[in-house]
Every structure is written in structure tokens, then in C-alpha cells.
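Naming follows writing order (A, B and C), and every chain is counted from residue 1.
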Amino acid sequence: MTLPAPLFELRQVTQQFDRSLALRNITLQIFPGERVALVGSSGTGKSTLIQLLNGTLLPSQGEVWALGHSLSQGSSRQRRQVQRQIGTIYQQFHLVDTLPVIHNVNAGRLGQWSFFKAAVSLLYPLEVEAAAKALHRVGIPEKLYARTDQLSGGQQQRVAIARVLRQDPVAILADEPVSSLDPELSREVMALLRELVQEMGKTLVISLHSIELAQQYCDRIIGLRDGTILFDIPSFALSAERIRDLYRLREPG
Amino acid sequence: MKRVVLSTLLSLLLPLAACTPDSSSSSNEDAATQPLVTSAIPDQDPEKLQRLYSKLADYLETELGVPVEYKPVTDYAAAVTAFRVGDLDMVWFGGLTGVQARLQVPGAEAIAQRDIDADFHSVFIANTNSGLTPIDDIAQLATLKGRSLTFGSESSTSGRLMPQYFLEQADVNLDDFKGEVGFSQSHDATIQLVEAGTYEVGALNEQVWNSRVQEGAVDLDQVQVIWRTPAYYDYHWVVNPDVKERYGEEFVGRVQAALMALDPSVPEEKEILDLFGANQFIETENSNYSQIEDIGRAIGKIQ
Amino acid sequence: MTRPAVDRPSWLTPRSRWGLIVLAAIAFSLWQARVFEPNRFNVGGIPQLLRFVQASVQPDLSLDFLQLTLDAAIVTFAYAVCGTFFSIVFGCVGGILASEVWWVSVLPRHATRPIWLGIRATLAVPRAIHELIWGLFFVNLFGLDPLVAIVAIAVPYGAIVAKVFSEILDETPRQPLIALLNSGVAPFTAFLYTLLPQAFLDLLSYTFYRFECSVRSAAVLGIIGAGGLGYQILLSLQSLRYEQLWTLFYALFLLNGAIDFFSAWLRRRLGSPSRLDLNLRKQARSRGSGGSLPDAHPARQPPERDRWLVAVGLGGLLLLPFSFWYVGADFSKLWSARTLELLGDVAQTAFPPNLDQSQWQLGMVAVQTVAMSILAIAIAGCGGILLSFPAAHTFFLPGGLFTPAQPSWRDRVLAWTGVLGTRAALLIARAVPAPIWALVALFVLFPGILPGAIALALHNMGILGRLMAESNENLDPRPLVALKAQGTPAALVFLYGVLPMTLTRSIAYILYRWEVCLRETVIVGLVGAGGLGRLLTEQLSSFDYRRVVVTLGWFVILTFGVDWVSGAMRRSLR
């Protein structure tokens, strides 16, 4: 069986921050259509990995490839071309609070829009129907013109998802998208994400705190510990022992 | 290194600390050692004023036998107010400020003026691009209507009061000028702004104009005199009556005599007279300024 | 096809209504300034302007003059220290008395609104009057004493500080205070143990900001003979010695720059990065999201024992007696019988106010003043916003939001030049006193409102640009990074991220500064612009105190108006 070309590929990636080594020597491939969960305790490099995948960070060593392009090479214009195909959802939503929802949703299109169109739309919103559709999809159609900072946390995360819908990328990255939400909302948002990914055949890379959610919604689970990959297995193969391993405190010495 | 910094700092500080005003101690000190404080309205180059008045203070100190001090002031109104409050004993005022000061301090006297002050003039200058040409009759000031005009300071006699008076004599009101009339705040700034063409016409002290022309500081292709006003009384020394209490009844007379005794044939004294732009000081009296007072009242500068 | 579930909201939101009013006001002011008439530019003055600019490269560096400059700089600095000290003392007392929370604690069962609103309103009176006018007034009481300059700074600044402090206190969470009050602790003690420590950092960083402002005011106050850099500048200007003028300017730049830098450093150390929060924090606090925000807003931690900070604090405390000694003001005059007597004299010459003039005409003059202030603040605001982006170190420097991931050597040099150049421009703009800008503007513009507005605009742009740059630097970067990560070009990250995130705060700063511009119209009288400032200088130089009182009354009314409008606009921004 020949595998299709990987959508993302990390080749011996090490990420060094001023004081800490966040990821060490990671090699990893993610293929189209996969739903991959990143699990591990906090501080193990999940967010760092996601930032490497969407080009926010450039690795200290090694190479990151996305959609067949190296993110550390080429002009910034070329990198932007690739980034347009990658949508990201964050734990803290990362929306522009002071703007009405519609602009945050339409912001998904900014990679495509001309400056002129974007500027006009700020004054007189354009492509309203498409934005409304995306909001409808995430279940808050009535919030189209509300100010973003007046929405609840769950609603804001929906806006963030609607923004990714508008972006219509090949891959969706999500960095602990439900950690700021209560359990009920978490399940709703996860269900929504899965639905979207399945319907539209997108690739999903999602970091999660909850192993149950990971098992329930993803088909591949990568366990990270101390910046290295502890395991990379199909979700059905996840055993209690592995989980214990993953969260075990590092032995002293 | 540290020591150098410290000692420079100290050497800078000490003279300053020494000359910071210390009026709180004055009350319990012997009245005779309390200095006579002189000052002058800031009508021209203050550095020159500083040099001039330091020399004059030295001269007066030896003549009068009391310490004399010069305190610079940068605002006309502040000079008058400080005179009223009693911080300044003897001030070189302009015509208008002198009257204002005397009216606020009952008993204050005008005691001396320069020989040139009895025959003082202002000049109207114009930017050459304005097309204005010299006039020889006061009535022709009417040609200035519709032009832009700047005075010097609001309280200046030669840079505002008398020029405005002569304009009104020719039936030209401030409303007749283009836009608002400007107040450049000094004679030198008036020259600059007219030379620049910002204002088409300016009015200033003739003495300042002449010395700037002599220094070559004026571009005579850009700006020229179009009219010289008739003569009027201007600058003079005004003395606060408080000094009589402090140094004796006859003190005012002694100051007056000392000023008039400045002798152009003595080199040091000639230097002082030169800095004043005078050949000698002559006597004056309050009544010489009644015309100024009337004009001041008419124009609203005196209440 | 889904139709949008909601209709487009109406154009006429409170915001857009204010926007239209602002545009109309600016258009009206431009018309008042005769900007639409031809030939506003005076080409003939370019040689003078050049001569002025040329002198900047050949300042007078003779030893004598440098010594004089150094001394003047120390004097200005010392005045600022003393002035700030008193304004903070006034401000603390006034701030507590003008705060809602104080009266609610002291008189819990009464309707206290009229009391603190009344006190706040009273504070508008000293604020409405420029330092320079206060200075001229205090010469009447203290004569030519350095005390004049100190009190002239302390009175209006004390009122401003009181206003800001009271707002800070009212914004601080009250639960701990109420808990103490309910357990029977006396109000003042309860304040001391709850609100004051809670608000301390805000109060302190505002104090530093006030100090920066005091230095600039002390420079202007030199004009009434207080000495210092402003005095020397005026002297050099009156005799048009541009070379000396520039030496003094450089000293002002250094002084202002050093103090701004130092105060920023201290505030960073203290963990309170913003000079002036303008009540926008309430909004931030009430934001629904909950959850801690990890990296972007580092939680304010009380400074640990920071040895540097302690050293600097002690040094600062030493500066106070040094400054008082250096200035050598005679504080006994504050309570001497003679002062009271002189105050009686002034009161007698000033009352009853002379209401002979047509108030209608005065109103028209007031309109000119307002027009100048609107024009000034509009130019200053736009310029400040524009320059605040290149001046912020978080945008264009390597590692910044808008820099390529791997900047070349040339990119780095360019980026640093850009940032430092903009900052230098802002520093120059704010360090040079407005009356000097007025004279410079007059060389190349014909007299009227426009040169005055430009002079005020330049000075205030320097201040606003600096404040805004700082708030840009404290911006939450995450939404911007998110936009960038989805392939948005830099220009659009700016349009959809940076601009909406900063604009509200920038506009709040602008509105706050408008009041200052109004007051400062008094000191650019030489531009021949008319207005209340012109009238006031004329009345002051005529010792017509009965009319001076009336004109000042107009200033107070205008300040009330400006306060009200700016408050209403700020509320609509929330």
C-alpha cells in the first residue's frame, strides 16, 4: 500500500526557547483526512508543535513541511500561500474583541481579500451572507452584528470556528479548543468540530487535555512528554498503562 | 571620577544657593544691609540687560553705599506686579508700564530718564513685497487698512501703545487690519516676522530698529521703514516709596543724583551710558507721562 | 441560500453619531481657521525657517553657555520635582474627597452623589486655567519668588491628579473595603488597608507620568521669570539667538528623554507598564471569557525585593530635599500675613467681575478658542496615531509582528532607524514648548488660528504619540498572531487587528488631551489668532482683573463642556 503525500511533516525538529527546550528531535508525518490528537500534560510542547505546524514559529533545528512546502524557506508571500490552507483554533479564541462578530468571521477571508475590499468591508460589511451561513453553521446566527467581547466564552469559540469555516482551509489545527469551556459546551464544540471535519473531509490536528475526548473524537493519538513523542498510535490502541506513563512525573535524577 | 562630578556639581550649586532669594531673613536683618533691588522690563536682548544692570548695580552700590541687586524679569506685567508687591524697589519701566506701576503703588515716583527718552520715536516697518511705500503724513496711515499688522508686547509703549494711538489719530482702528493684529512679544520678533512676510507691517521701538540695522541683522531688501512717529516720552526709572523708610527720606534724591551724575567722560560710566544708548540721564517727573496715561486709558490699557 | 438571520444594524449608532459630530466639528474648525481660502502658506518666510533649522547643527557649545544650560536644566528639574510633590499631596487629598467610594464609606446611608459630583466639578476650576496664568496670579501674592512656579504647577496639576486619582479609586474593586467597613473599621483606616494598597501601582505610575508633564510645564513657566530652561529659551528667543536656543532645546530633549525613559523603566520594574489607563480597565475586567490569560497580560505581581528599585527609590527620596534646597523657595510666604493682605488686594481689584462687555461677543471669541483646540487635537491625534505604530518596538523591530521571520542585516538597520527616528521625532515634538512651535509655524504660515493649532498640535502630538506607542506595546499579541498564522498580509493584520484593538484607547487619550489643548490656547497668543487666550493676555497686561475673572469664567465653562463631551464620547466607545 502506498501512502499519499503527507500534509504535514516534521523532520528532526527541535524547538529551543530562551531558557527551555520545548521540543526535541521530533519527526512526524500527518496525512490528509487524519484526525490526530496531541495529548500530554501541560508544558510538554503541544502548543509549540501547533505553532510550528501553522508557521507561527520557525524551528530552531530541523524542518517543517506543510502541503509540500518547507515553512522555513521561501518568501513570506509563499509562506502566506501555504498558511491560507491551514486554519487554527485557540484555547483563548484569539479574536479581536472590539470588532463586531461579522468582521471576526470575515477575517477568515483576509488571505484572499484585497486591501481595498477589506477596508471597505470594515465600514460596510461585505459577503454578509457567507458570514451569516458560517455563523448559522456554528449555531449562533443571531450574533452577526454583536460585539465580540459581549459574547460568552462558548459563543466566542464558535465565532473562532466560524472564522475557520470562512477560511475554508485544507487542515484545521486546534490548540486545546475546549479547555476554557465547561464540559457540556466542550462536548458540543467537539461534536461540531468533528462534524465539520468529517463532512468536508478536512484534516484535524487537535491538542487536548482530556484523553476521553481524544479517544472519542480522533483516530490517531500522539502522546508528548518532555518535548518528545512518547507514543504515536491509533486511538483504539491506547492502553491505561500508556496513559499512566504519559502523566507520570519525571523521576528525580 | 565620582569626586570630579561631585565637585563640579558643588561648584555649580554654591553660587546659586548663595543667590537664591532669601527674603525670610530680611525682616530681622539690619535694614541698611538690605539690598536695593533694581530691575527692568524685558524689552530687548536680556543678556545685554544683564550685563548692563550688573554694571549699573556696581556703580550705584559705590555711589549710594547700600547693596544693590539686579533681578531680571521676563514679563512686562510680572515686572509691574512685582513692583507693586514690593519685590522690586526701582525699575526701568517703559512709558505705559511706568504709569501702570505708579498707579498701583501710591507715592511711587518717576525720577530719571535718558536724554533720548524725552524725544522717543517708534517706526512702522513694512515688508517690501507688500508694495507699501514710505509715507510722510500721519493721515496716510490710512493706506495700511486691509494689511496685516503686528505689534510687539501688549504693554509696550513704543511697540504698541503709541503706534496704536497714532493709527487711531489717522482713524485707523485695529479692526481695519487684515485678520487679527499680532503681538510678537518682542521688537526683534516683530522685525523677523515682517521680514518673513508673515505680517506686512510691524511697529517697533526706533532705537532697537536702528541698532539692528547697524549690526547688519536686518535684510533691508526685505523690510523697510515706512513711517517714523512723532516724539513722545518713554522709558524712565520709577522708585518705590518704600525705599525712603528703609534708607531715609533723602534716599530718592540721592539715587536721582547718582543717575544723573553718570559722566560720559569717565570710561566705566560711559560704558553704562552706551549700553543704555544714552548720552546722559536727565531728570523727569510723573507729570511728563500724563499723555501716556490718557492714551493708555483711551485704549484700555489703564483702568 | 441562508438569509442573514439579522438585518444590518442601523448606521446611526451612538458611535457613528459622535463620529459625524466630530467630523462636523473639525470641518467647522477648519472653516474658522480659513483653511479653505487660498494662500495660507507664506513662502517668504522659508529663509527664516531655514535659518532656524540650520542653527540646529551648530548649537552654542561654548563652555560658559553649557554651564548655564546645565544649571538651567537642574533648575527646571527641581521645579518639576517640587511641583509634582505638591500636586500629588493635593491630589491625594482631593482624590479621596472627590471619589464616590469615599463618601459611600463615610456616609453609607445618605445620597452622596451631589457631594462628590460637586467636589469634582469644583476641581474643574483650577484645571481650566493654564499654569502660566496661575503663575501671573501668584506673582501678585508671592512676588518674584520661586514659590510662584511651584504653586503654579501644583494648583492645576493637583486638580488633575485629584480627578484621575478619584477615578482610579472608584475603579478599584471594593469588596475588601466593604468587608472591613462592615466589621466596624473606621473609613480612613479601611481605605489605608484596602483601596490604597490595591490602587497603589496605578497611582504611582500616574505620578510618574505627572512628573514628566511637570518638567514640560516647568519649562514653559520659565517665561514668567521662574528661571530654568524655559526662561533661558525665552531670553534666547527674544534676541533671536538660534544657536543658543538649540543648545537649550537639546538640553530639554535630554532632560525629557531621560525622565521618560527612566519613568518607563521604573514602571516596568514595578509591573505597571502603562502610564495612564483611562478607565479602560473596567472594560477589560468585565470581559466575559474568564479563565486566566497566560502570557499576554502577565499578572501584576507586587515587586519582590528588587535591589535596584530600592536604590532608585531612596535616590528619588533624596532628590526631594535636594530640589527644595536648590529651588530655594520661601515657603513661609504660603501662610504669612502679608500674603493674606495681598490676596485681599487682588480680590478687591478683581471683584465684582465686570460684566459690561457683551457676553454674546465673548461667546463668539470662545468659539474661536474651541475651534483652535479642536483643530489642534485633531491634528495631534491623527499624527499621534500614525506615529505611534512605527514608534512601538513590538511591530517593526526584529521579532516584531510585521517583520520578516529572518530579517536581513539591512532590514535590521532599517527597522532600528525607523523606530528610533520616530521616537526622536516624538520627543522633539513634545519637548519643545508650544509657544516656540508657534513662532516657527508663524514663519511659514499667515497669522490666524491655523499656526496656533499647528503649534499646539505638534507639542501634543509628541505626548499622545508616546502614550499611544506605549499602549501599542502592551497590546495583546495573540489575536494578531492568529491572523498572521492564517496567511493574512501585514497590512490587513493591521487593519483587522491592530487598528480596532488600539483605536478605542487612542481616541480616549485624544479626548482626554483635548482639555489640555483648550487650556494651552492661552500660550500661543503670539500667532494673532484671537480667541479667549488673546483676550486674557490683553486683560492681564492691562491689569483689568475684573474682566480677567469673566474670561476665566468662560474658560471654566468651556472646560466643563469639553469634559462633558469627552466623557460622553468615551462612554459611547465602551
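Here, contacts are C-beta pairs under 8 Å (C-beta built on N, C-alpha and C of every residue); 3 or more make two chains touch, one makes a residue touch a chain.
This is a predicted model, so every value here is computed, not measured.
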{"item": "Topology of the chain contact graph, where touching chains are joined (line, ring, star, complete, other)", "value": "line"}
{"item": "Relative to chain B, chain with the most remote C-alpha centre", "value": "A"}
{"item": "Closest chain to the centre of mass proxy, which here is the mean CA position", "value": "C"}
{"item": "Two chains sharing the most C-beta contacts", "value": "B-C"}
{"item": "Centre-of-Cα separation between chain C and chain B, whole angstrom", "value": "36"}
{"item": "Centre-to-centre distance between chain B and chain A (centres being mean Cα positions), rounded to whole Å", "value": "78"}
{"item": "Distance from the mean Cα position of chain C to that of chain A, given in whole angstrom", "value": "44"}
{"item": "Of all residues in chain B, the ones touching two or more other chains", "value": "none"}
{"item": "Sequence positions of chain A contacting 2 or more other chains", "value": "none"}
{"item": "In the complex, chain A residues that touch chain C", "value": "51, 54-56, 58, 72, 76, 79-88, 90, 92-99, 103, 107-108, 110-111, 113, 115, 118-119, 122, 125, 128-129, 131-133, 135-136, 141-142, 144-145, 149-153, 156, 167, 169, 180"}
{"item": "Complex contacts: residues of chain B adjacent to chain C", "value": "12-13, 16-17, 20-24, 42, 44-48, 71-78, 80-82, 84-88, 100, 104, 127, 129, 148, 150, 153-155, 179-186, 188-189, 192-193, 195-199, 222, 300-303"}
{"item": "Partner chain B, residues of chain C touching it in the complex", "value": "42-45, 47-48, 67, 70-71, 74, 136, 139-146, 222-225, 231, 234-235, 237-240, 325-328, 330, 332, 342, 439, 442-448, 525-530, 534, 537-538, 540-544, 546"}
{"item": "Chain C to chain A touching residues, read off their complex", "value": "1-6, 8-9, 283, 287-291, 293-294, 404-406, 478-479, 481-489, 491-493, 495-497, 500-501, 503-504"}
